[in-house]
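There are two complexes below, and they share chain A, which is joined by chain B in the first and by chain C in the second.
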Partner chain A sequence: MKRAFHAAVLAALTLGLPGAALADTIKVGVVAPYSGPFAIYGKQFQEAIETYVAQHGTTAGEHEIEFIYKDVGGPNPDQARSLAQELLIRDQVDYLAGFTFTPNALAIAPLIEQSQTPTVIFNAATSSINRESDFYLRTSYTLWQVSAPLAEWAYDQGMRSVAITVTDYGPGIDAENAFKAAFEAKGGEVVDTIRMPLSTTDFTPFIQRVRDAAPDAVFTFLPGGPPTFTYTKTFNENGLAEAGITFLGTAETEEVNLQGLGDAAIGLTTAYHYSGAHESEANDAFKAKLTELFPDAVANWASVGAYDGTHLIYQMVAAAGSDGPAAVEAALGLEWESPRGPVTMDPETRTVVQNVYIREVERDAETGLLINAEKGVIATVGDLGWDK
Partner chain B sequence: MTLLLNILVDGIAYGMILFMIAVGLSVTMGLMRVVNLAHGGFALLGGTFAHWLGSDLGWPFWLALPLAVLGTVALSMPLERLIYRRVYGFTDLQQVLATIGLTFLMIASVNLWQGSSLLTVPLPEGLKASVDLGFRTLPVHRLVVIAFGAAVVVGLWLLLDRTRFGIRLRAAVDNRGTASAHGINTDRIFMLAFALGAGLAALGGVLGAEILPIDAYYPLRYMVLFLIVVAVGGMGSIPGSLLAALGLGLLETATRYLVPDYATIAFFALVIALLTVRPNGLMGKIA
Partner chain C sequence: MNTTMKSWLPPLALLALAVVLYFALPYNLAFLTRILIMAVLVLSLDLVLGFAGIATLGQAAFYGAGAYAAGLFAIHVWADPVAGLLVAGLAGAALAFVSGLIVLRTHGLTLIMLTIAVASICHEIANKARDVTGGADGLRGIRMEPVLGLWQFDFIGKTGFWYALTVLAVVFVLLTLIARSPFGLSLRGIHESPERMTAIGVSVYWRRVTAYTLGGGIAGLAGALSAQVTQLVSLESFSFTLSAEALIMLILGGTGRLYGAVLGTLVFMWVHHWAAANDPFNWLFVIGGLVLAVVFFLPRGIIAIPTALKRLGGRHAGT
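Here is the complex of A and B:
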């Protein structure tokens, strides 16, 4: 009796399955930190995705799209791998997305190779990731992409000597190599290279050393939040700007923490692919919808990476549904107008080709808020670190 | 020569900030013998109040600072009465678990209230300026921290060594039963001492915020730093904490000037060496 009942349930389940599949929902698994010190990334990603969905609906082509969010906590490759596995096997997702940290993105390469799952990286910025699998597509940037053009721009502005201070970890060293190679290739001189320990709390010694060396500029790379706050404060308090040393950076003045930096940030020069103050219809529409849905939200590079990543997923789903290799094929060479400006998915590096903007922090006369005002543009830069 | 002066000036300024954020822990963990990993949590609460008063409500810094400290003290007393009073009797490991749990609660509360971005405390113009030392400049707020640090050292020494409260506290810590039998209200003494530790944590959190900026994860980010200062100084020794903070500040600053790439390794290697030779810290009492 019991066995017969089990058999009946089993039969019902088996019969039920094809019916469920007819609904054709394409699932996208988003792996990002939603708790802990890096929770802001998950929040930025999710808000951007929901903004895109609110603008474009839940269907792409003939398919419904559904997002499943998984919390990876922080830089944790093992956890990223097991979450990706769970998404692929239990939730049967057709696309993966998210990935704030390089080690997390790298850890899933064998999985997506095997399951042929297109994976859209919203943030992780180390060039080498995309070499590990043909299924990686990146809608953020790479450190070479922004650091090298900055070095060339600095030389063209007449700066001949630069000191480099980077935080001593993967992205910092990438930024150092990129800047140094590009600046020296132009004929500039790097007078001092300092790798600052990740745990640094007081930057005075490094900054004082730079001041004593008296270069034309100091190029720096710092993790966002507290280190950037302390570094820029110390930079100002020790009078480097008055001594004629220009601050050159990349992500340091990103929008979420920019107001917290206060007046100390005014005048800082950075090269980056997205400024919240970028003037275009696409950016205005994006920011308007974002703040309509989430009044406290601030658009920064993480939100725009996720927003463009969602756009890319919609395009792939419309073109190829759940066929992984065909979806990647459809994505290569795709061009669209992003809130950051025009972008193209590079068929070779699978990282977006985009404009890099030279910005300076200013106080907006109307709102009284600090903004990254765009002062110059280096058009259509690809991933310069691809063959390094 | 300039390098040496630079190391000296920056080392002392940084060391005083270390002292200010760790001295409260020296009171709760050192004197009261409770492994208080939630120390950074009280510094975070102080910093968050100061941010709220100074940034959101726009109150002047010199008003926000004492109110933030008082607010933290006011919160710490019921916490002591309801939670810490039970924690005193725990074993070391249980104390660690209980207080780290409390830390997570504080982090989550601040996260809910103010979000996870930087919580800056606006300084008055006078503190933002820099003073010319002849061979270089130094921000005024660092001088203010040095002055506060010196005041706290003297104040605590007077309080603990020269007042009735100090005598009663030391008696209550050494033998609670006997102290009670002599008519000392040990419950009250403990609550006041704990509030003192929390208040010092808040003071250090606000004053040190220029170098160790406040955000919701502050307690975890700097926990090792607080613990090192107290461990190297010796549990319960205020002069020990001062000596340790200044020594560590000078040491870390010197390694950053001279061998920046190896600064962290050099710093921790020397701390390990010191604790091997003197397990109870520089001025620790024999346990």
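Here is the complex of A and C:
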């Protein structure tokens, strides 16, 4: 019995060895939600990764790259940690990527510290994640990065009083703090701050309160999907735009949900790092390849986070192979042209430094589709939440 | 003596299986540890639902209370795992006792709604108290000392596995003893007919509060294990999904039998893991199919398979 087992192990080893010696494959574990209510993130990530691979091939430097997808379902740190552990120990991955939710990203900090695995965050936007380990690199954005420039821009446009309405959960409160701090530092006045329960379906009372306060603008932060539909609809029905109250937002008009918002969205002002309508060669090439591979796909911030994350991984693999610390070293200060515009991996915060664009929703004359038309740009913004 | 031996056979077989799995799947220890932790939670639900007949969909409240208690205790007071475990057990039990005093005065749907409400309130408190709990970002900074000063929590998860397995075994033995005690028998009586138990002079209310409190304490232990092994506690530990999944696992395995609870957890999580690994995009279909199949063909759970097979065989012999 024991001898048979040993023979089997030996056979497996000898069969496995030549393969291992010939093809040097670097594995990347992508932890994200692929099922359930948040499956859209996983879909966007996977499509973007495959688009990048289709454009650049499966080799970086002298190494083959292989992606392994693991479904974490939703915000679930226990699951995220055990999946990461499985990827690191059983699948022997050299890089981790993905991570939509902050707790999931935070849960793996002790693991990647120990295994020295570079981990590229495609989405999770809380500044403090990167403080937990030097192996985190973020290709998305942070809430401070987009909210604070928006506040400064609003002041420069002559807006002096703002009401803030945010959904009452972590990211909403971060956005509120960022906007408020930046707007008050400029000398503006926040006349009202309303935290709306996560399960709100009727925004009329909040919108009415804003209307009564009659500020120059209302800054809002909402989770994507149905709340955004209802909020913008209520915003229009109550005539806030006519009353001279400007809508200021961030991710509310992101591309996947934008067409669903309908005409109610026209004129909404947002500050964000990626617009599908960004005019550049890199963006056109990215979108063309994406729709060639996946005809129904829509590029949004999540796809671009994953696309740039994949680029970063390719660069790290080419420079350092499977050597974690050297790979991170190679990534710091790296500059490249992303579909969103020029970006730099900040050596201090390990979050990309990027342009933040002021956009307005318009209907494109040619296609008849709603787009986030870029009206202004605040150049090279780093992670402003790092010291907060 | 013979029957006692026989009744210990299934749990011993499960223990042996755990040890075999440890050696057979050395790369999946984190996953196996999660099964063990979940089994502790499902066992606590079995005590409350399977034995005492208290229909609850809010067991996560005590799991979460235990998880946060263990996490906060480790960060601010003492990072010893066993001490944290005890504190978490007490926290879960205390919350169960206080909420049970009110909740258990009701029955049926009202009871179910109130148990959900308790978990939601805890969820919201943890969400609001960002300074203490970290809110939606999760409670971080948990660094555990070695278990009993001897075994450091390691990267592969060996310590975590044996630690969780030990806690599970202790909880299992404890619940077996409780189930056989006069108290356990009176719980079964209450489950069958509360009116009759009242008629023979048993204080139904206080027995149920006691069972609920014990169940809360054990769920707290499960929460503590999760906090100590993952080193992070998130709001999801109070989530409705967790309560509901625990209930599905219990029904899958079969209520009222302790090894049914463990078996149900094992099967559910295994199928979950296997299906999600093979098709991360559509695996929920497999889980749905499994639950439907069990509910239709084995309404008493997986532990009823031998009986069902015997009945099938018997019918054949008869014809």
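One rule holds for everything that comes next: the second predicted complex is superposed on the first by the 369 of 388 C-alpha atoms of A that agree within 3 Å, B and C clash if a C-alpha of one lies under 4 Å from a C-alpha of the other, contacts with A are read in each partner's own complex, and residues count from 1 in each chain.
Heads up, the rule we're going with is that a contact is a pair of C-beta atoms (placed from the backbone, for glycine too) under 8 Å apart; a residue touches a chain by one contact, two chains touch by 3 or more.
Just so we're clear, the structure is a prediction, and the values are computed from it rather than from any experiment.
Peer 1: After the chain A overlay, clash or fit between chain B and chain C?
Peer 2: These partners fit in the superposed model.
Peer 1: Measure off the angle at the C-alpha centre of chain A toward the C-alpha centres of chain B and chain C in the combined model, and quote it in steps of 10°.
Peer 2: 60
Peer 1: Please indicate which partner A:173 is in contact with in the superposed arrangement: first for chain B, second for chain C, both, or neither.
Peer 2: second
Peer 1: Just chain B (first), just chain C (second), both, or neither: which does A:42 touch?
Peer 2: second
Peer 1: Have a look at where A:89 lands relative to chain B and chain C in the superposition and call it first, second, both or neither.
Peer 2: A:89 contacts chain C only, not chain B.
Peer 1: Have a look at where A:114 lands relative to chain B and chain C in the superposition and call it first, second, both or neither.
Peer 2: After superposition on chain A, A:114 lies in contact with chain C alone.
Peer 1: In the superposition on the shared chain, how near does any CA atom of chain B get to one of chain C? Answer in angstrom.
Peer 2: 6
Peer 1: Please report the chain A residues shared by its interface with chain B and its interface with chain C.
Peer 2: 36, 39, 168
Peer 1: Which residues of chain A touch chain B in the complex?
Peer 2: By the definition above, chain A touches chain B via 36-37, 39-40, 168, 194-202, 204-206, 208-209, 211-212, 225-226, 229-230, 233, 237-239, 256-257, 260-262, 296.
Peer 1: Contact residues on chain A for chain C in the complex?
Peer 2: Residue list for chain A touching chain C: 34-36, 39, 42, 69-71, 74-79, 81-82, 85-86, 89-90, 102-103, 106-107, 109-111, 114-115, 126, 128, 132, 168-171, 173.
Peer 1: For the complex, give me every residue of chain C touching chain A.
Peer 2: Touching chain A: residues 27-31, 33-34, 127, 130, 135-138, 140, 155-157, 226, 230-236, 276-277, 280-284 of chain C.
Peer 1: Could you pull out which chain B residues touch chain A in their complex?
Peer 2: For this pair, the touching residues of chain B are 2, 6-7, 10, 13-14, 17, 111, 115-120, 122, 128, 130, 136-137, 139, 210-213, 215-217, 220-222, 225, 252-253, 256-257, 260-261, 263-264.
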